[in-house]
């Protein structure tokens, strides 16, 4: 809306003002951090390009992240931002980076990790099953499952897990998590000024990424039931979901999808899961990991162990996710 | 021929090609490559006065650090590592063979950083053939480097992507030039032009 | 996405499944109610056409509504729904209806109130300042300020206020609340299948309603700063805001607006308010009172007395608004 | 002529005009009027068998209650109150004068319910002139009622809205026919047609 160059800066200022009770915005807007450090706690830091709000800054606070580094729109933040964030929120127990699996994010975090003095580890999130792990891919993308990894790790860090425990737990949550999405419209990067891809009213992009990257294939617009069927079966297959298993189900909007439609998708998805005897133990529904104003949604399932569930249920107080306090 | 002019022209080319680079990245990526290169280019231009009088190596290192600190995305670490490695490897008053050696070291650093190999539709597919041309003693070297950069960039259209965001596309990336390769070709050809005109 | 006729029903089923810990969906999906009645408490009931989600069903739960009656998309629910909801959640202390000021809603609630046996009262919300109260209007529309009225009344009902006290409080909150919105795109009623209004990429509709009703005027797309200036000055004028006053500020997305842009608007709005010495005591930012997938936003301000603030801060646990528990 | 046929035809007209009514409400309202009338019409059609053999008054009351229970929006209470009041006020075997009196009572009930007066761009602007025609003893009464309903509906285009959603438009509602008036005209003209053909 305002000048594309200053949009991100002004939005961060608005965010910091609106949530001044829980977050602080660093000089030069390099990162958003929790207002108060918790000594002895492992610091959790994530980050990534802007345009996915509320991810990640909206998840900074008690029981989740200690800091989030916002890049430009759809652009990984720089190593400098990550290092400064790490120095700022260090509680003396090391730093855990949570990184979505994009080559940009991976390279920047890697450079930061190499230059860092503190003890640190990285959990890579790659929950998107849209693209098979073939010789033609670097591996899968990190998408909405990132929220689940950040929530569960945040709760574990809060209860006092050490860096190594958190690294193991994070990898385990990531492995138990799978996502797949579908887009009905494209998003428009403000500075580019035109839609990232062209799509007609009666088409959809199956397996779309959260940057408006074209997906696996373009097909005719289907019903919510058939979309749910396709997305869920890909997720189910990846996780090897079996009867009597429980999942945490996140139905995530991409930014331009009304809640009415997200709940429609919730209903369709739980019916598909029920057919194979899978129960939804926890639901989360909303636009949490977005692609600007893109219309569409993704479904994410995490196989729910009792430990994952109790960490999921633990109190959290961030701008975008809050319960128990 | 001043180093300053080479840098000024090469960075300006990127700024001038904002829309083309954006369009290429929209086709097979996330659409930010044009802006990323523009941001890096302008950050380097802002340092031109500071770099005045420093050696080629120092200038390259400064430019590399500026890319890392200011760009983000894939381009930040990639162009940053490329420039910083060149700055570290080049001797004083380098010959074209020295450039070839330093470029080889840079490609290795890039592969270490981002795991990309030749043929995976990244700017390495411009750097590698250009490095090979530079390593030869041939007439019209500048013109041949220039031509090679362009041709190699175009050739990425026929490759499947294996690294970076476009790798998620599988076959659908075919037919589109890799945006980073195009930036690399623009930089190299601008340098060649400035050197030729000097 | 699914068949337009069954979309609402399936969405309600998804909502009820996802929030089964706090709500129940009545037979024939006539209303969504709080899971457990609280005897002796005045029952708060709201309702209105669907398409504004999470309003109202998303605000059913502890500290807010006891029941919400969803109509068809953009269509007031029927008196029968309201009466059945009232009977279901009656705690013996009477029923307070919270009604947005549309002729359809008013007439349906009025018919319900007349047929009802229980003691009841109505609070009418009409916070939209886009249209002056001239001889050509029925009075102002009820828009995003409804959330603030429902939150504050919900907290007061929870602490035990009686029907008469709540009616007086509700009218006072409504009077202290003003809103105005702007749309960048139209919404599309699914069954109609085409946009409610036509608007080009570089225009905006100032004073738009939450049903895609055309607004006051169509102008060239402005910057966030100029939009904030226009919306805020209309709100300020209506409330007679003066230096040193405090407000609750709700920046509300219409369904298709990314959080990035909403926080940009937060920043622009707080700067405009600060210029006249008005402080924002509480912020709420998000897509809470929507028009399907319409892009745009509204700003709402409530003049904040200490009592309003303490009721605003009181614990609430609903699908869409949750804090303190 | 059977009452059932009158009802069947009048409700079917509304269903058949779904798109036109939707478009009218999109122009100056919220776009749901077509669907609202269709939902009400189909709910009444589903009751046709039940109403078979009951009196005109009882049928009118049943239809009114069905509108209230099934439509919602403005149309539910408005068409519901209209039909229920007619059902309450009409004597057995009513004359056109009886219809005029019952319609007057209905208009008053509507004004009490929704505060709309003549000239405020609602279906009252069809009901009121039609009521006046019905009150006269004139030749070709059915044809005149039919014409009056159509003309009055069209005339709402020149009115400023003061009630209902379109009231928020001010001058911008000018030039558009009120959707409720159009529904009312469709119902009345369908009834006239069925009566004429019988």
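In order of appearance the chains are A, B, C and D, and numbering begins at 1 in each one.
In the analysis below, a contact is a pair of C-beta atoms (placed from the backbone, for glycine too) under 8 Å apart; a residue touches a chain by one contact, two chains touch by 3 or more.
Owing to the predicted nature of the structure, the values given are computational and were not obtained by experimental measurement.
**Q** Within the chain touch network, how many edges lie on the shortest path between chain A and chain D?
**A** Between chain A and chain D, the shortest chain-hopping route counts 2.
**Q** Roughly how many whole angstrom separate the Cα centroids of chain B and chain C?
**A** Between these chains, centre-to-centre, one finds 53 Å.
**Q** Counting in whole Å, what is the centre-to-centre distance of chain A and chain C, each centre being its mean C-alpha position?
**A** 29
**Q** Which whole number of Å gives the spacing of the CA centres of chain A and chain B?
**A** Here chain A and chain B have centroids separated by 31 Å.
**Q** Rounded to the nearest whole Å, what is the centre-to-centre distance of chain B and chain D, using the mean of the C-alpha atoms as each centre?
**A** 73
**Q** Two or more other chains touching the same residue: where does that happen in chain D?
**A** none
**Q** Give me the residues of chain C that touch two or more other chains.
**A** 73
**Q** Using the contact definition from the top, classify how the chains connect: line, ring, star, complete or other.
**A** line
**Q** Going by the touch rule stated at the top, which chains touch which?
**A** Final set of chain pairs in contact is A-B, A-C, C-D.
**Q** How about chain C: which of its residues touch chain A in the complex?
**A** For this pair, the touching residues of chain C are 1-3, 7-8, 10-15, 17-19, 50-51, 53-54, 58, 73, 223-225, 227, 255-268, 270, 280, 283, 285, 287, 290, 292-293, 295, 320, 322-325.
**Q** Help me check something: in the complex, which residues belonging to chain A touch chain B?
**A** 49, 71-80, 102-104, 106-108, 110-111, 130-131, 134-138, 141, 189, 191-192, 196-197, 209, 211-214, 216
**Q** Residues of chain B touching chain A in their complex?
**A** Contacts found on chain B: 22, 26, 28-32, 34-36, 39, 68-78, 113-116, 160-170, 172.
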